Amino acid sequence: MATAETSRLDGLRSRGAALGGAVSPVVLLLIAGAIGLLIGCLRSDVFAQLTVQGLAIGSVYGSLALALVLVYRATHVINFAQGELAMLTTYIAWQLIQWGLSYWEAFAATLVIAFVLGTVLQVTLLRPVQHRSVIAAVIVTVGLFILIDGVVSWIWGSELKFMPPPFARTNYDVGGVSIARLYPGIFVVVLISVLLVWALFRFTKLGLGMRAAALRPQAAAFAGVRVDRMLAIGWGLAAVLGAVAGLMAEPSQFFLDPTLMQPILVYAFAAAVLGGLESPAGAVVGGLIIGVSLNLLIQYVPAISSTLQTPVAFAVLIIVLLIKPSGLFGHRTVRRV
Amino acid sequence: MRRQIPALTSLLVVAGVLVSLPFILSDYNISLAAQVGIFFIGVLGLNILTGYTGQISIGHGAFMCIGGYTTAVMSRDHHTSLVVTMLMAFAICFVVGLLVGLPALRFSGVYLALVTFAFAVSVPLLPLQWSTFLGGSGGVQSAKTVSHLWLYGVTWAASAVLFVLAWLILRGRMGRAFRAVRDSELAAVASGIELPVYKTVAFGISAAYAGVAGSLFVLATNGFAQPSEFGVFLSLQLLVGAAIAGLGSLWGILVGAAFVGLLPAVSGSVPVVGSAHGRDVVFGAAVILVMLLLPDGFAGLVARLRRLGEA
Amino acid sequence: MITKPKSEGAYMPVNRKKLGALIGALLVTAAIAGTAAASHRSTPGVTSKKIVIGGTFPLTEGPATGGASLYKTIPFAEQAYYAYVNAKGGVFHRQIDDIIADDQYTPSETVQQTTKLVEQDHIFADVGSLGTAPGLSTWGYLNQHKVPQVLLATGDAYWGNCVHHACGGSTKPYTMGWQPDYPGEAKLYAKYILQHKPNAKIGVLYQGDAFGKNYLAGLRTGLGSHKNMIVATQSYNAGDSPNVAGAHVIPLKAAGADTLVIFATPGAAIGALATATAIGWSPLTLLGNVSANRIFMLKAGQSGASLNGVVSTAYVASQTAQANLPGMKLAKSIIDKYAPSLSQEFAAGDGNLVYGLAVGWTFVDALKHAGKNPTRASLMHALRTMDQKNNPFVYPGMVVKTSKKRTFPMEQLIFEKWAGGAGGDWKTTGKILNSGH
């Protein structure tokens, strides 16, 4: 990999500093965008409904993107199976509910299972190829993608499944605009999960160890950090975030089938790159930007039909990579030979 | 020279078997053998890129899509001879490959994987957007369809030509440059290799191969080009085939191609799992196991057996 | 990945191994492939004891098929009906053997599976295969080989229009549909709106492909000079996820529509119905009948959609709303006995099961008329001259009929309206209407 790191430990120690120090124009732009959205929402019901929906689905993109970023930071691999892993854990939740757990009991249990699953997969499948080459590791995750797809349809069949609604099916009336409770519900659940993971990284010794293991493996090992274990835990946490994404994608997609996460993975990739592959905050913000802007674009720009939604998202991805390879919030510089 | 004689012998034997297969197999099985040939070309092309220059692509299904639509559209609108449309697919995909290769110069590793993946997802959506020309989700039907035997003959003839071409390219100056790029970009630059040129050309050649494969793929679908044939899974299949064959070697390609070309046809009879799930479970498990146990794929296995034989 | 440099010396063993491996691979290829050899019979698939038929269906979900596998109970109902007929002695003492192949609603798979059915399994006819694009991918091949491709489970107009007129370069005399065609159905919705809500402002959500566009064109034709009642249209892409497809109802509401017409496959239709409720919109809703299966509606209800008053059309009987019909009692006994794993779906009102039984009935009836020693030509002749007034599974009073002029077997529909909320059911209303040409 012909890349050089310029990331600094202290830069990562405080997300606020990372945000404020390097990219204040970006932050200003985001604030301007948010104000624009607010004005739009006040002026038009449809705009408001689309925005709320976009924020909800965007937060799902964001949490899956964050999972990708965690894995990337830990092992410098893009986990192509991240979405399918989330789909698998959603099926597990469905199964737990069938066995009699309540929705939120199943939710909690699934997160634990996801953590174990993520950790085990890293240790058994990724660790052996990790040091060989990026290509080898990516191919393993591609294999995992196909394998999980097959295993899920094998165990649960591919007919549609329905989960009980996580939130009451009522509508809020906000200044005359009818908003289904589902969307703010999704947004809040995802936000809480992301904040918890952030707090874990920021305030715990484990978090510090993980950041150190990801950034400076040799130095961390020297300081007594069990690097391998930290990387595995990183995968576990990524799987947990993915599980949240899957569980919150299900109600917004209306049902569960093995292709649940495939379109979402595509947007999560775009979100992760937009935010800078190394930046957790960037991934979440990137997800929200993509969720809201695509939802608005296809309604208000006639030239962009829903068919072009994905190509447009990817055109953005490639343009970002060409103009600002480090993304909106990244510090990483890609050195060209 | 001594080294090449046995290699030549084995090639001749393979060619002999391929020539005699049509006399042995039933018509249906000939269509399967043709399917293997199509993947042979696709995997060969991907291997030139990923195996020899170290640039990963999860987007070669998109080039197959472009090649396939070239054949279907030219045949539908201009009644172009099908073999000519294959040459056109080769040329068009070569150019598109160069164009994709240019921005790809700035990406490596996971970034390239993401960009090519984006390409694989986006290209099959374009026919839906330009549906009057490209038929929308209803697809494009070529004016002519071909028999299994025709397909088999043309596919394997094309495979032979493209294999020899690849062999010539890779053993020559360009091949050495490719490998130097893969092994160390810095060292390659230091030794005077023009990195952008070789990386881009590798992309072009590789895409052109995929284009021919796509053209044949459409002919194998009764001349029917349709977006859902060229989904991301096709790109993954090619990558799986290349991994099983062994990246960076031409010897395992037949095995990799046979694996991805035949598995869907026999997966209905996979015990226990059965049906389409069987295909996915076997595909996924196989590629993971190969990557873990046989890092150099089938070609690596041969090398290992050799060492065993020497010991 | 890096290939290890080949060590010098001792090349012969290497290459012998390579050679062996290559030949081995080829032999494996040949062995896997080379099983059944073609045998020459006068009529493929027909022996004195057996008639082998087959069809392709989406049993599993492929990438971007948007819930197509929701239809997968159709072939199993057909198999159940053939099992029932076989238990009663079959047709002219021949047992019907129906092979179901999974094509994931993906044309390239359809081609592979169909080729396999024809050349490996030697089917007599391709019966009931599902989907427009899959059907189009194989009709050239099947007609070329004179294999009947009949009773297709898709309502596109191709299947009836290309019998006498060339489509894609040739006529398709071996191809035939079964259910009423989509444009005809859409014309009836236009009539319904003109009659019940003459000042309606119509918003249309349709799938952006031949299937959706044919529906939309039919609606426009039906409205005639009142075309401008359509105030907004939105198309989604067949591969869109349900929430993306469903979100298109938001601008329809914004455009001032008070009537929502949905021409969509089940996943998108569920998304649209649920989204309309989620934004607090309750227009008069008309739903194309491909998505109006009761179990799809129940699932939309589970997803939060309020369903009362939704209008659609029916052409098969309903085992829930018309449980006392002799045909529905027979349907229940057949499913319970020959496809017990589907009993639950049957009880829940899966209309696809009745659909499958009805198609099976049509095929068996045609087979009886194809003579004691049926050929592919005699089967086609029987199918082209059907007059089935007593198919117990179609809506009572409707006929399945063909002639030289009439190439669509079913040309009748009846309106139905949903009542009873999330656990409710369809209730038919009015008279049987002609949806034909």
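The first chain written gets the first letter, and so on, giving A, B and C; residue counts start at 1 in each chain.
Everything below uses one rule, namely that a residue touches a chain if its C-beta (ideal position, glycine included) is under 8 Å from a C-beta of that chain, and two chains touch if they have at least 3 such contacts.
Only a predicted model underlies this, so the values are computations on that prediction, with no experimental measurement involved.
Chain centres were defined as the mean of their Cα atoms; on that basis the chain farthest from chain A turns out to be C.
The greatest number of inter-chain C-beta pairs in contact is found between B-C. Annotation: 34 Å between the Cα-based centres of chain B and chain C. Taking the mean of the C-alpha atoms as each chain's centre, chain A and chain C sit 37 Å apart.
Along chain C, residues 1-2, 59-60, 63-65, 208, 237 each make contact with two or more other chains. In chain B, the residues that touch at least two other chains are 54, 125, 128, 232-233, 247, 276-277, 295. Counting only residues that touch two or more partner chains, chain A has 132, 135-136, 153, 262, 305, 307.
On chain A, the positions that touch chain B within their shared complex are 1-3, 72, 76-78, 80, 125, 128-129, 132, 134-136, 138-140, 142-151, 153-154, 262, 266, 269-270, 273, 277, 305, 307-308, 310-311, 314, 317-318, 321-322, 325, 334, 336-337. For chain C in complex with chain A, the touching residues are 1-2, 59-61, 63-65, 67, 69-70, 72, 208, 235-237, 240-248, 250-251, 253-254, 267, 270-271, 274, 277-280, 299, 302-304.
Contacts from chain B toward chain A in the complex involve residues 50, 54, 56, 58, 103, 106-111, 113-115, 117-119, 121-122, 125-126, 128-129, 185-186, 189, 195, 232-233, 236, 239-240, 243, 247, 273, 276-288, 291-292, 295. Those residues of chain C that touch chain B in the complex are listed here as 1-4, 6, 10-19, 21-23, 25-26, 28-30, 32-34, 36-38, 59-60, 62-65, 101-102, 104-109, 111-112, 115-116, 119-120, 132-133, 136-138, 140-141, 144, 168-169, 208-210, 237-239. Of all residues in chain A, those touching chain C in their complex are 44-46, 49-50, 53, 57, 132-133, 135-136, 153, 158-160, 162, 165, 169, 171, 178, 180, 182, 252-255, 257-259, 262-263, 295, 299, 305-307, 309.
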